[in-house]
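Should a chain be cited, it is by its letter among A, B, C and D, assigned in written order, with residues numbered from 1 in that chain.
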Amino acid sequence: MEGFPVLLITLLSPVLAALILTFIPRDENKLIKCIAAVGTFISMALSLYVYFAYDKSLGGLQFVMQVPWIKDLGVTFFLGVDGISLPMLLLTNLIGFSAVFASWNVDHRPKDFFILLLLLIAGVMGTFIAQDLFIFLLFYEVVVIPIYILVIIWGSTKRVTKEYAGMKLTIYLLIGSGFLLVGVIALFMKTTAIAGVPDMSFTGLAEAGRRLGAFDQKWLFALMLFGFGSLLSMWPFHSWSPDGYAGAPTAVSMIHAGVLKKIGGYGLIRIALFVLPVGAKFWAPLIAVLGVCGVAYAAMAALAQKDLKYIVGYSSVSHMGYVLLAIGSMSVIGLNGAVANMFAHGVMAALFFSMIGFIYEKTHTRWIPDMGGLARQTPRLAAGFMLAAMASLGLPGLVSFIPEFTIFVASFKVYGGLAVIAIAGIIITALYVLRAGANTLFGPPRHEYDHLKDIHGPELVPLAVLGTALVVGGLLPFLLFDMVNSGIVPLMAQINGALQMVGGVF
Amino acid sequence: MVDFAMQHAWLVPLLPALAFVVIVFLTKPWQKLSALVAVAGIVGAFVFAALAAYGVFTHPEFTEGSLVYGVRWLSMPGLHINVGIMLDPTSAMMIFMVSLVSSLIFIYATGYMKGDPGFSVFFSYVSLFAASMLLLVLSSNLLEMFVGWELVGLCSYLLIGFYTHKISAREAAKKAFVTCRIADFGLLLGMLSLQIVFGTLDLPELAQKIAHFHQYTSAGVLTLIAVLVFLGPIGKSGQFPLHVWLPDAMEGPTPVSALIHAATMVVAGVYLVGRMLFLFSEIPSAMELVAITGAFTALFAATIAITQREIKRILAYSTVSQLGYMMLALGVGSLSASMFHMWTHAFFKALMFMGAGSVLTALHHKADVWEMGGLVKKMPITAWTFVVGGLAIAGIPPFAGFWSKDEILATALNSHHYVLFAMGAFTAFLTAFYMWRLIFLAFFGEENPANHPVESPWNMTVPLIILAALATVGGWVGTPWDNVWSQWIFFGEVEHAAPNYGVMIGSVILALAGIYLAYQLYYVDREKVKAKALAERYHGIYTLLFNKYYIDEIYLWFNHAIVDGSAKLFYLFDIYVVDGIIVNGLGAFTRLSGEGLRITETGRLQNYALVFFLGVLIIAVALAFSSPSAAGLLLGGVK
Amino acid sequence: MDNSIWMVAAFYLLSAVIIVSALLVVFLKNIVHSVLWLAVCFIALAGLFLTLDADFLAAVQVLVYAGAVCIMVVFGIMLIQRGDMGKTNLFNSQTGVAAGVVALVLVVSGYLSAATHWVGTAAPVPHKTVEHIATLLLSKYVIPFEVAALLLLVALVGAIILAKEVKAKC
Amino acid sequence: MLTLSVGLTQYMVLSAILFGIGLFGVLSKKNAIAVLICIELMLNAVNINLLAFNKFVTPTQFIGQIFAIFVITVAAAEVGVGLAIIIAIYRNKLSVNLDEFDWLKW
């Protein structure tokens, strides 16, 4: 496989499928879905291959592909993966593949839907394998447009209209990326001035960026923190998350909560932390405080919800709080936990949203008081829902426990009492997740749902794929952690090196 | 074979886990097959456990050390977690006891659950439960133990809520999970602190490091850690004040009550404290805390049990009370007494729960003991085995409970905890009283004509008989005269306490007094006049006890008023302040300023032209008068 | 032509005619009258062009502006205006502001052109302007010339299409 | 001191005045045709400038004159198309009063 552009094919497979779809007549419903499934399956299989073929002992960037693009700006089309981006790549494709099956019952303009969905998946994937800041931003912007269209056409109107949800989602993303862009341009100008030659690759930026003065690093990092933070639904920039997920169609909620959000965390670690360690050190306590606020606040807000999607929406804000807290700890263990928790939350949230999607599709409601006793009528759906719920509350043996544990270790060590508040979040999480599960699935069955068909056939794929990931990741955590660790350790070593160089500043 | 079992003790939890997987993915549609798979799994585990235990108890070197082996689970700089097996006399005893009781309960359940639509599901859950419990017991690492700990919590949740259509079951399940979760929060904090302070969660390694804890931390921090760790057992073993979930957990099917809430899961807390005794024993105040909590819980739950009417609830409070005894034993420093009581308790409490299940099946789930009566004639096996259980729990020699309870009381006295000893002794009296109240009311006296009980089938009675036999002889391994038990299972020094005849005779007298009182009130007095009169006379106390000291109500109020109230507040804050004022406010500001500026957009060409020329003018003037070069640019470079 | 007194007199006279007629174009209330004064203005401009040694341009000015454009505008008015012709050319509501802006434009541009020192040459304009222009247009500026021709064609086609009656069903 | 010689400046001032008058008309007339003819005035003002530059700055290169020819060409085209548009508008709205049109506002 030497020289074979695996990453490029992984990236292009959904795009190619989308291209093929444009030539398919719009009423070929089954064919459209099959092509979309094949496109995402190829990506998933390849990313699994890459995940296991990656040489962890060697570390660093592998499967690299580099094509110079814009010389004057130092932009290269630079793809590559390491221990941080690989879990994210795998996550994207697991969720992408499942999302296609979770939307198996989309019958309203399916062709347009799947083309946009495939483009969305490709865009998200691109952000994780790009090793060049320009390419990263490019893919990031590619993502925004399909999201908007998908929400306003295929979304659902509940507490807020789908148009409002779509607007809110998009505008938030754009505001975030606006600030980010300012930061990136300023960073680029300053690093170019330092290095002499323009270089947009992460490593190039990092080398010059670390030589920036403390003041520059601080304000640049603040801009990036705001940009990535609002993408990660950092408190108090989180309010797009519940509304957006509630309005979005199932597949978009899955991808958005599952991976798109993680671009924020990934960027924060990969770019902000990596390039501007001194700034990161300065803002770390703030990140941690905001993270804890997010954990507690969103968990409490989730407790008051009656709409299933709102619960998961708030819960994802809460879980991202853990990621922020971990990033704020600025330690190997914490960052390991942050990346792993992003993976874990991605799988869990995607499973959650796909199950809620099916429930909504079948019962035409997401309003918890209108439901009850579904476990009798749709046991497999209930099993999937409970699996996701258990992962959400961090049940050991499922993928999210160990990441949370590592985050707690790291943050408890650094922040002590602050971390205790975040850890207490697990109680509230248990409360709202169990309440939602209990009131939806258990209790006396309702006769109006007696005719419901349990999930079957293609509808089982999300449960199978994501459920497997949940359990395997939980029982064999080293599969995930060895990978993440191989990426985090060199990163942290470089950061610490840079911090020691400027030592005395703090 | 024995060596193989010891070297591959991980097979013990694995077999039931495999049974779970097989049932869920393959045999679920075939009920009989599923039951067979589950029983095969647990019996296989029992065989392995028995072999491993045999191996342990025939190698004297195990009194000093233990067999530990494991594999890497995850590692990163600063955090290494190995999962593995730690086989020593305590865990060997536990896996033997757990798999034995589980096997019996599984067989019993094939009869009890017959005809239930969720038959296969039930067996998958209990298999998972057994697997998790065995994992917990065998763990060599605290984190691994926590995995098992939480998984048994999950299974308990699923099984309590097994009758999903019942709202009470659903609520009870939730309550159990959340209550344990609160406790686990403490345990998790404790574990984190241990990891941070000592850099490991490996039990043997921790034991070594904590013995020299002064190198790592101060006694104050260690006390805090011990208290945090102890929170976990308080929840899981139903100690005051987190005992509230245990009685409600009786909503599950009766085999579940027997399995989880009597014999196995609830003792996990006690087991954890036993495992971590090296931590607690370093901190005298922590030990006191454990002892006091245990003694208080024992007494507290016993008082509630006196007034309860539902058969399984009485047993549940009795369980809470007995768990208190075990804690008390740990608190006064005797691992062997505690584990011994756990061992005997598993047999007689499982027996009584299964007896209660047998009664409930016969009476079509009519649970009020006051509506039973005279069942001994129609259900002799159930009744007499239950009586054996009653004798055992009351502490009548030579039944199992006598020896273990006696040892706890003696240890408490020997360690000069006189108040705790008195509490324990009084609890013994209360235990005998309420248990025999139950027996007299349910099995003796006049038959209730509304009931038409029939004796249960063989697969329910055979386990009862086996357990009755065990409840009789199970305590003989630990008699004060020839205490094999404490030669193997002990902490610190082997205890050679001489038989304390005073305590023995005293406790027997107390037990007999309790039984006699129950006999007078509920058997001799056919109309129960005296009992009712007593309840009338002490109406206040009676209501307080009957309503379980209103603790549930307090929690409910707290949950609804405080937690839900503040949740509502947070949510309203979110939609009205964060979303309403800030986010939508920004949006509205943008829109309003647009509306304002819209006036200038007349849509009329000439207005635009006017402004355009004004702009041109301003730019021209600015350029012309600002810099010569700009002026030059404007004027064609001819200036 | 030299800087003789006739030259100066011609300039000021023509200037006066141009300005007055332009003012009348703007201020008269009858649009037809405005167009007539526009023609006067154009012819005076042609005269002014003569003083600038642009005889060809003067001819073109008369032909194109005074002839074609004015006629076209009159035709346009005929097609459009109905009723009282005395109120066809009124001011709108922003006249005052417009006057202010225009005054400012005048002041600024007047000041700028007065304040600028122009580097002129004393060389005269060659006499045979038409020949020079013809040579230049067909050699150096042939491409703009062709483009202009094309532009006129496009404008012709466009004008026809725009002005053509649109059928109800289209 | 006022001299009676005519130079570039005088032409430019004249051009400015004519341009101003045209601009004033463009900005303040209601009738679309009036606006159109005022635009012609402005174009002619430009032409004066071009020719004046031609004479006083680059007399031998004829740039100004050629430019003026193009201006006239474009102006002719503009008048044609402009009138056609006005007629089309009139046909739809039965009015050429610019005050009634605010179609730039959507």
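The rule is simple: contacts are C-beta pairs under 8 Å (C-beta built on N, C-alpha and C of every residue); 3 or more make two chains touch, one makes a residue touch a chain.
Please read all numbers here as calculations on a predicted model, not as lab measurements.
Colleague: Count the C-beta contact pairs for B-C and for C-D, then tell me which is higher.
Modeller: Answer to which pair has more contacts is C-D.
Colleague: Which chain has its Cα centroid closest to the overall Cα centroid?
Modeller: A
Colleague: Can you give the whole-Å distance between the Cα centres of chain A and chain C?
Modeller: 66
Colleague: Where the centres are mean C-alpha positions, what is the separation of chain B from chain C, in Å?
Modeller: One centre to the other, that is 98 Å.
Colleague: State, to the nearest whole Å, the distance from the C-alpha centre of chain C to the C-alpha centre of chain D.
Modeller: Centre-to-centre distance between chain C and chain D: 6 Å.
Colleague: Using mean CA coordinates as chain centres, what's the gap between chain A and chain B in Å?
Modeller: About 35 Å separates the centre of chain A from that of chain B.
Colleague: Can you tell me which residues of chain C touch two or more of the remaining chains?
Modeller: Residues 92, 94, 98, 101, 105, 118-119 of chain C each touch two or more of the other chains.
Colleague: Of all residues in chain B, which are in touch with two or more distinct other chains?
Modeller: 606, 610, 613, 638
Colleague: Residues of chain A that contact two or more other chains, please.
Modeller: Touching at least two other chains: none.
Colleague: Name the touching chain pairs, please: which are they?
Modeller: A-B, B-C, B-D, C-D
Colleague: Using the touch rule from the top, collect the residues of chain D that touch chain B in their complex.
Modeller: Residue positions touching the partner: 23, 26-28, 35, 57, 98-99, 101-106.
Colleague: Over in the complex, which chain C residues touch chain B? Could you list them?
Modeller: Going through chain C, the ones touching chain B are 92, 94, 97-98, 101, 104-105, 108, 112, 116-119.
Colleague: Within the complex, which stretch of chain B touches chain C?
Modeller: Those residues of chain B that touch chain C are 606-607, 610, 613-614, 617, 620-621, 624, 635, 638-639.
Colleague: Which chain D residues qualify as touching chain C in the complex?
Modeller: Touching chain C: residues 4-14, 16-25, 27-31, 33-34, 36-38, 40-41, 44, 47-48, 51-52, 54-60, 62, 65-66, 68-70, 72-81, 83-88, 90-91, 96, 98-99 of chain D.
Colleague: Mind pulling up the chain B residues that touch chain D in the complex?
Modeller: Per the stated touch rule, the residues are 601-606, 608-610, 613, 638.
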